[in-house]
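Both of the next two complexes hold chain A, though its partner changes from chain B to chain C.
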Partner chain A sequence: MDCDNEMLEKILKKVNGVVKEDNEIREFTLIPSVGKDRNVSPINYVWEEHALGLETWCAGLLFGYAQKQIFKWRCRKDHDTLNDYLVIALLINPEVRTFWNIKRELLDGNLLDCSTELRFSRLVLSWKPKSYEAYSYRIAIFKKIGHAKMDFREESDLLDSVTRNTPNNYHAWNHRIWCFENYMLVYETDALSRELRFSEDWIKTHVSEHTGFHYRQHVIDSLKGHKLKEIDEYSKLVLNCDSGCTAQHQILYLLIYELHKVLPDLHHHFPGHESIWYHRKYVVHTMHAHLCQIHSVDRDIPQFEFNGAAKLLDGVARSCRNGVRCLKEEQMQSTNLYKRLVLNEREFLDGDFKDEDVRLSRNYRMWLRCIVGIIV
Partner chain B sequence: MVKIFALSVLHKTDAGAVWLKSAYDVQSFSYFQRGSIQEFMGFVSKTIVERTQAASRQSVKEGEYLCHVYVRGDGLAGVVICDQEYPSRVAHTLITKFLDEFAAKYQPHSWPNLQEKDIEFNQLNVYLAKYQNPREADALTKIQEDLDETKIILHNTIEAVLERGEKLDDLVTKSEGLSLHAKGFYKTARKTNSCCTFG
Partner chain C sequence: MATSMVNEVKGDDSVPKELLLEKHVSFLREYGQNEDNFEYGITDYLRMSGVYWGLTALDLMGKLKELPENEIVEFVQKCQDPESGGISGCINHDPHLLHTVSAIQVLCIYDRLDAINVEGVIKYVKSLQKDDGSFTGDKWGEVDTRFSFCAVLTLSLLKRMDAIDVDKAVEFVESCMNFDGGFGSRPLSESHAGLIYCCVGFLSITQRLDIIKRDTLAWWLCERQLPSGGLNGRPEKLPDVCYSWWVLSSLSMLGRLHWIDFAALEKFIVSCQDSETGGFSDRPGDITDPYHTLFGLAALSLMGNGALKRVNPTYCMPQEVIDKLELKPQILN
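Here is the complex of A and B:
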């Protein structure tokens, strides 16, 4: 037993050494052991790749040992030793909330270095990308150092790699939303257009992931409170607007862009994915809701091409004078935009669908009739 | 994710299938897994080609991956391993395209004697990069139209493709082409599904 403990201590020291010294460490993995040869070190560390691997045969032993030591050392004053055990235990099994909480206690007592902790939680996420605790620990660190000091490039890089490698990683997307609201919208002028561009690229390459669509919808919705400030090329392309247009115009422009550019491309290239249909529902539903809130109506402008939309919207939509007041149903239905929306959906549903899309289009037609009240 | 992981050209004879050329993109996997995953993809390609009849097309689902196979009448076979989001039609279009080009470069009589290391067919790597975006295939209308006439059999697991009595686990254990590491990873992947287990 003593001999075992000695060995475990040795492994533990070495892993901790790597985590502390390699500033760019990116990856941790458990490697399935091939033989039962315990005379060879179970640590595989490739410096050029900044990757650290631990053979599985020692993982269970190491975790059990570290766990015992943590509770033994918890009340003592030697925080560095305690942290060493925590690092090992959490790397092997990041789902133990108690250990994260001990780490928070140390963090609150200013006993840990924040940048090392960010690196460590990133390492945990490279191995268990869906570890909720690791994300929430990162947020705790940002709260401690102040949101303004957050390095968003680093955060974005981390989120890119975890969301790319693990499908439907809601924890990671929630974290992105947190960064978006607490950091990007507050400290960056081009946040909205950059995230719109980012999410468009994302949904085009991850067509069946509701998470990505949900994030895009969240960004679009947040246009309500934050007008697109910096007009870059993307926002010009999407919004086609001048400085005079209101937040409400912007959302409508964006939804039209979604309906005319983004969705047709997705439907065409990736038939049979329900997530695309759900996104379509979001677009139509939101557009319908906005139309209800638009105040004055100009019926004389007949144009509604994607590019002509700017002209039309100037006429159709003017910001509300006394808060949000809904148009009467028939008034709303007489707007050109509404008519065009109905026509657009009718033409779309008259298209040629195959296989799974036949069922999905039937559901969509039903949804339009029962939920939005558009009969096509 | 819309992603292609592997493109391979194989030659199928009565004795089995032989790799002629392969291209892999496994950068998205963790460093220690890449080698094993690549080996395993090669193994799966060969296994499925051997169990696909000449002049037929199949698509086989396994977990979140899809493996598309086309074995031509003359024994030349192509495999695309991709993510489930990658459109099947485009994958099969791509197979037709690179097999045609391979056959134009190497005559059928030379196939039995070709060695993988002697073959110069860099086009496979070029296509692996280019067709990561399936929209690139929009230009290949001719092949796509021909494909519309063809029946593609879809299987929901690899087991469905195997002959009666065969099991993937046994094939993996018996395989001489897979290293111990790759077998270890395969076993772990089968066993672990949740985020809390280890070892």
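Here is the complex of A and C:
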């Protein structure tokens, strides 16, 4: 098969036909075609699986051709033709920002259908799940239709399949955080409890993926500003709390739950995983910082009569936030919760570690002393 | 469930042990000459950054003259958008901050800033700052800490930091700091070595490294070194040559370079060379590219390799260029 422009146009039309007609199209891929016969069609479409493949031997030519046409057609009025070229070029290389920008221009002019575009960007993500541009484009669409109109089931389904197939996918998890902040917390009533459950299941089944742990940490952090209905259930599961633990400090219940239920389980079943140790650092650091904060409200900070006073106050506020040291440290250290925390870490570190965990536990002990200021 | 040890890369006897400078020079000189290369054919949208990677790498090896200066300067000129003032990755493409910064770095290395409309660039960068101090990469507007870094990198090279609200910009970067001392791409995002480099670099240029939790962050950074000597960018990920640069340069700005085992890292980086084609790849045995070649060489330079020019950790440009511009990015002792 000779690859002249006529032939490329034919391939282009066929691919676009599939993308337009198959409403459930779910998968695109480039098929390596080393030693393949170039006399057969480079398009491989399996309708039953809603999957479309394109042989690499023609992908480079097709991309170069589509790119030329895009720049030629950009300023003209025939938007459909332009979009056909954009579809091909972006399927082959979704990192070309300029092509997404042209789509944004068309979107802004109401010349593209938002749901078709969501489907298209999902198709791109099926093939390049780490495409920063594809996630950005989805967010642009949600901004256009209004966040409230987001179909979170669809979004969650997309993220599930993407994160299952690509470990530690930074952009995908950032996208979930975006959905959590802009949709779930705003329009759903049970988002917090659902995401707490979801992330707990996730980290237990993906123990080497720090990115998932980070997501859970973010959900837990959100308890500072949002009431969790099930907080009593969590508190029943954990130790009796310090008397300072009011509803305002519900995050403490979750941190204790993490320390007593989640972490021991993870350490036991999955030895040698750095991500679990990092999660432990998060829990202890956050707990320590929270305790520090409770015991260092501004009015308690003594006023000093010298020039450096303002600086000193800054320094105090800053170091408290850092959880390193604060003026009220002694008072904080006398609370039951703090004593229990230290005791807990001491007993934990005195346990029996093997292989990689020997090194990781040694690092953790040093980190506790040098960074948090807890000597165990 | 496999243990974290599967994430390690074992060097074998066939990997290079010496620095192959001549090979890298010809690799960079010839890169892109073979138009049949599929990867090259579909990536011209980032040609401007490619020019910066190749040119800086060659300059660090003392071979700046290997590339045609006038042709490159002309290319940069053609990529400036007369309307917005921004610079694109390639002719016909839209301007973007990522390519604007690369273009300015290239022109500074050549001392040819006069070739473009500098006021236009300043106007462009200024137009991308939002009310909260953050920067978008172009007019379509996603926020990312990378763009904050690109903005101040560009403006400081042009000596026009006054064009933006620096205090607000610092405030935004500070809001991206995590409990582990690291930074992500936006507030609430996971710490990531590449973005940490951007944020530390940003604070180095704005002389605000004081807001960093220095030892907390340095601790996290030096834990990126794996038993193979290589550095990864996040916990339990594979080592990668480009992270050698991002982690190392951040530690250098924080004055904690000595927390890394140089000998082990050097061995890893050198093993990522391709002794036939030249160039560095992300890991031993992979395909080499100009991007990893620059960051491999820059990391070696930062560790004091005498065969290379000294690199500046903040700008990832030869120190002599930074000195000539009389720039003094903050470095902690």
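Observations, loosely collected:
Convention: the second predicted complex is superposed on the first by the 317 of 376 C-alpha atoms of A that agree within 3 Å, B and C clash if a C-alpha of one lies under 4 Å from a C-alpha of the other, contacts with A are read in each partner's own complex, and residues count from 1 in each chain.
We take it that contacts are C-beta pairs under 8 Å (C-beta built on N, C-alpha and C of every residue); 3 or more make two chains touch, one makes a residue touch a chain.
Small disclaimer: the values here were computed from a predicted structure and weren't measured.
In the superposition on chain A, A:Y170 makes contact with chain C only, not with chain B.
Within the superposed three-chain model, A:K103 lies out of touch with both chain B and chain C [touch as defined at top].
Of the two partner chains, chain C is the only one touched by A:H285; chain B is not. By the touch criterion defined above, A:F270 lies against chain B and chain C together after alignment on the C-alpha atoms of chain A.
Contacts of A:N363 after superposition: chain C is touched, whereas chain B is not reached. Note on chain A: of its two partners chain C and chain B, the one contacting more of its residues is C.
Once the two complexes are laid over each other on the shared chain, residue contacts for A:K130 go to chain B alone; chain C is not touched.
Legend: residue contacts after superposition of the two complexes on their common chain; A:P32 is shown touching chain B, with no touch to chain C. By the touch criterion stated above, A:R138 is placed in contact with neither chain B nor chain C. Judged by the touch definition given at the top, the superposed model places A:G60 against both chain B and chain C. Touching of chain A by both chain B and chain C, each in its own complex, is seen for residues 56, 59-60, 63, 92-93, 95, 207-209, 269-271, 273. Interface residues of chain A facing chain C in the complex, by the touch rule stated above, are 56, 59-60, 63-64, 71, 92-93, 95-98, 101, 104, 136, 139-140, 168, 170, 173-174, 177, 181, 207-211, 214, 218, 269-275, 278, 281-282, 285-286, 289, 322-324, 355-356, 363, 367, 370-371.
Per the touch definition, chain C reaches chain A in the complex via residues 1-5, 7, 38, 41-43, 45-46, 88, 92-94, 96, 138, 140, 142, 179-180, 184-186, 188-192, 213, 215-216, 219, 223, 234-237.
Those residues of chain B whose C-beta lies close enough to touch chain A in the complex are 1-3, 28-33, 64, 84-85, 87, 133-135, 180-181, 184-185, 187-188, 195-196, 198-199.
Residues 27, 29-35, 44, 46, 49, 51, 53, 56-57, 59-60, 63, 92-93, 95, 126, 128, 130-131, 164-165, 167, 204-209, 265, 269-271, 273 of chain A are the ones that touch chain B when the two sit in their complex.
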